[in-house]
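Each of the two complexes below includes chain A, the first together with chain B, the second together with chain C.
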Partner chain A sequence: MNPIRFGTLLAALVGLTAVLFAVSLAVGPTGTGLRAFVDLAAGRDREMWSLIIWELRLPRALLALIVGASLGLAGASLQGFLRNPLAEPGIIGISSAAALGAVIAIYSGIAMRFPVVLPLLAIAGSLTAVSVLQPLAARGGALTLILAGVAISSLCGALTALALSLSSNPFASLEIVYWMLGSITDRSLADVWLILPFVALGWGLLAATSGQLAALTLGPETAISLGVDLARLQWLVTLGAACCVGAATAVAGVIGFVGLVVPHLLRPLVGFHPSRLLPVSALGGAALLLAADVCVRLLSTESEVRLGVVTALIGVPFFFYLVVRSRSAYGAS
Partner chain B sequence: MPPSTSERFGDGAAMDGIARGVDGRVRGRTLAPLCALVATLSYISVADARPERIVSINVCTDQLVAALAPRERIASLSYIAADPRTSAIATEIEGIALNRGTAEEIIALEPDLIVTGQFGMRSTVALLRRIGFTVLELPMAETVADIASNVLHLGAALDQRDKARVIVDALEARLRKLSVADAAERPLFVNYDANGWTTGQTGLLADIVHRAGLATPGDRFGFTESMRLSLEGLLHAEPEIVDLGYPWEDPPALASRLWRHPILRAVIDRAHLVDIPDSAWLCGTPHTLDALATLRAARDEIIGQQQAGSP
Partner chain C sequence: MQLDVDSLVVRAQERVLLDHVALSVAPGELVGLIGPNGAGKTTLLRAIVGSQRITGGSVRLDGRAIDDFDTRARARALAYLPQDRQIEWPLPVSEIVMLGRYPHRSRLAPPDARSDEVATRALAAVDAAPLSARRATVLSGGERTRVLLARALAVEAPLLLVDEPVAGLDPYHQLHVMEILRDTAHSGTGVLAVLHDLTLTMRFMDRVVLLHDGRIAAHGAPADVLTPANLRDVYRISTLEGINKSTRYVLPWSRLDNGTPT
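Moving on to the complex of A and B:
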């Protein structure tokens, strides 16, 4: 596939994200579509309309945008830095570790009194996972990283289930589904404000890596000879990805495969340029999660379809394809 | 317990909820002698002597046993009976041994009658029967009429027929007094529970709402069983009377997060908020009519305000 003009691609993705954002605002149980949106606005109860838009649909659309962009960006940076196409926050256990941190913050009751502890503990979880994974990724091959990720995911999943079982609240143990598969239903603007500073910090740190990631595609030795400070780069990626994934998971649960599908689809379109891949992956991630969340709302089932179900249904075929491809690339040994 | 729907709502026969609200009262009365007969027959089959060591292993039967049997004959009640969030008798049963419903501890209590509901604990009940214990299973009350028949049935099994009759007479008299026989207007009542669960058209809760001359979300939107209602759906339904379930905030869980959402506050600001403890209608007991009394008072107030405002 020939790379298309970067400006055109960027504009197209901004347009797509904007359209999906608008669609997200127009879809809900009260009425779906532009007509219903206008009717609702012109209805006898303008106050109700503004409540629904400002307190329910806008927070939801904003969260889809922020969480999707963070996951797309974190996926693209991790893949660039670890030089492994399968390095996705959900697959390598960073999201599970963040969920464990969030679960401890919420079910212990600390987050009730100090809400900021929720994103902080989730980020601490993802930071721990990235720090454990990085030396393994550096020394071992692609397979080592994935296997270590499986181990971290399993451990964090088990500890999350344990923490939920220990709660004396009978609802807690049922909420494991949420932490495993994610959801952004019925959130408020407070959730958006809670994670925005952390997400913005993560975006800033990862944006600062794009030039160096480009040099890293030529191999670590060449990158060092080109003046890349690998230790600083590692620090930026670790903290940036941890902030993005941790804050996103704190309010939305584990949503997998966004960071895998989006960079994979967009990589050929930007001519495999990491500096260009990062911004388009953020936009693509936002668009994908907005679309997935609209799907969830349109499928009006008895019990809610989780966001992670939709992203996994889209993402797993890609995962398989990448596994098969990397198997042939790295040899079957 | 949560989504307490199986206990609370079960799957009752689909029928027109509003119609039943009106004629159910009549049926409850005409069925009473028949219920007594059934109760007598099953009494003969469950026990051949007056049970002296009664063990209940279900929060609903706990409350009926406590209402009917003298204290010295109750060997044990389930531990949930002592939880005020789910049991209306939590403060009255101090001193009675509590069980967790495992076969081993029940056997150790040496009961001569074990009482439970028809939901859950299937393997425990089967095991207890296999080793020769007498187990009485009461059906879940799907209507107020079922409460009366359960009380009579259990009263016969416990050899407390007179006490059961007194309770049922009082229940029926109170029911007659509180029921709205012919409601031309049915304001919407929403019972909003953890995770957004709310009432359909069938089940005990719906029966009480109908008798109070109110409509459930199930009546308004056409769903039979209990369902989850999103915050947006709740706001748009514009309920006139709202009751929030127990928030389960200590320790916290995500289920209680809805309680802090600004939309819920907006809904409450626009409605008449009533406070009905979950224990009132989690099980069908004589306490269940307390919920009816609260709803009836709220309806009278709303209708009164409307009439005062209309001319």
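Moving on to the complex of A and C:
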């Protein structure tokens, strides 16, 4: 793909994300943005609409944007670094580890007193998971990575369940279970400010990996000979992905498959170039999560369908497809 | 640029992989590095490139220790085609060759016109210009080797290190790749090539270094290194020799067990 087409793709994704962001601000159970405009123009219900848009819909739209972009970017970076299209934060256990960190923060009550501990412990969880996975992925193949991810997910799931079953407050436990299904409902701008520094750090670290991921296409030996500092690159990807996934999970719970579906769909459009995949995956992730969140609001069910459930329903068929397609790689590893 | 390796020692997990190895490659020279499996050929190339930790000795480029070069300067000085020909993503061939320009580009700058020109020339040098738009993962073995060689040539480094460049290729493509390496050397690049094919080594190399158990067993002109005695001691084989159009050739003929043919 030539740079002009890449530029066009970027512009198209920026446009799509902007439109979906606007739609996200406009759609909700109380009515559409059009009615808000009419009411506001007529001077009716000014306070109510201001409250709905600024306090309810804006934080939600911003979180969908930030969380989606972070998950898309983290997925594309991990796949580029591990040279494996199945390396998605949810599949390989990074999100579960982040959720465990967040549950510890919530369960122990520390998060109530010091909110910043919530993303910090989630990041610590995902950092631990990425650090364990990377050497395994380097030595083994796709199968090793997935099995290690299953082991990490199972362990984190068991520890989370243990924390919940030891809880003296069943309502708090239920709340945590719902939170873990992944949702950005009932969040405030305070949640956005809480995670923004961490995701900004993660985006910055992952953006710095861009050109080096392309050099890794020909394997680590060639990358080193081309002047890539592999140890520095590993550090950038580990910390960057951990910040993105940890911070996103801290406020939104486990939202899986965004980092799998988005890079997979966009990879052919950037000529399979691992570096160009990063910015488009961030935009695509934001667009996907904004769209999924709008769908969740439009589905009229008694209690809102969780966002993580929607992304899983979209993502699992992709995962199966990728597993079937890469079965030769499984046999080889 | 002159490459000098002096008293190079590489140890890994208490095993000595290279034991006081010395060699040099001058500009315009095509040097063959041969030896049985496990002799330390790939380790030597990796030590020169910087992907294998050196225990002792030195690697110098034009008299300057290689550790004094920053990673990008080293990458511009030494191009390397590893034994492993992996290509992970189905990038177009033109993009694969363009990766050779990585050490010349600032991280955020788009490819410049000169890089495009160099990459196009490198593809033409290996007779792979028509493959430019093809996906790199669907190439045949011969095409893949030539494309990856073009990627190494696109670095425009004064030194080129290639590990088993003809492995898995049919005779036509073996000769083709050897001719490319000879032409590259004749254009002023110093080339160090790991080879298993003794016939091609005899035919194409200016000088040969024979490694055995991490040590240099012999070095010099091909005819002085590829002697029946050296090949018997190091490879445990007997050979057939002949002359074709005033060029000597050597063919591996039979295995020897304790000095007798098996």
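The working rule: the second predicted complex is superposed on the first by the 308 of 333 C-alpha atoms of A that agree within 3 Å, B and C clash if a C-alpha of one lies under 4 Å from a C-alpha of the other, contacts with A are read in each partner's own complex, and residues count from 1 in each chain.
Operating definition for what follows: a contact is a pair of C-beta atoms (placed from the backbone, for glycine too) under 8 Å apart; a residue touches a chain by one contact, two chains touch by 3 or more.
Computed from a predicted model, the values in this text were never measured in an experiment.
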*asked:* Looking at A:G28, would you say it contacts chain B, chain C, both, or neither? Reply first, second, both or neither.
replied: first
*State whether A:F272 touches chain B only (first), chain C only (second), both chains, or neither.*
second
*Name the contact category of A:Q234: first (chain B only), second (chain C only), both, or neither.*
neither
*What is the contact status of A:M48 with respect to chain B (first) and chain C (second): first, second, both, or neither?*
first
*Kindly classify A:R83 by the partners it touches after superposition: chain B alone (first), chain C alone (second), both, or neither?*
second
*Which holds for A:S210: it touches chain B only (first), chain C only (second), both, or neither?*
second
*asked:* After the superposition on A, what does A:E221 contact: first (chain B), second (chain C), both or neither?
replied: second
*asked:* Residues of chain A that sit at the chain B interface in one complex and at the chain C interface in the other, please.
replied: none
*In their complex, what parts of chain B are in touch with chain A?*
1-3, 194-196, 227-228, 230-233, 235-236, 238, 248-258, 261-263, 266
_Show me the residue ranges of chain C that touch chain A in the complex, using the header's touch definition._
46, 49-51, 71-72, 74-76, 78-80, 82, 84, 86-92, 95-96, 99-100, 102-103, 105, 107-108, 110, 148, 151, 155
_Quick check on the complex: what are the chain A residues that touch chain B?_
28-30, 48, 51-52, 55-57, 106-109, 111-112, 167-172, 174-175, 178, 185-186, 188, 302-304
*Using the touch definition up top, name the residues of chain A that touch chain C in the complex.*
3, 83, 208, 210-211, 214-222, 224-229, 267, 271-274
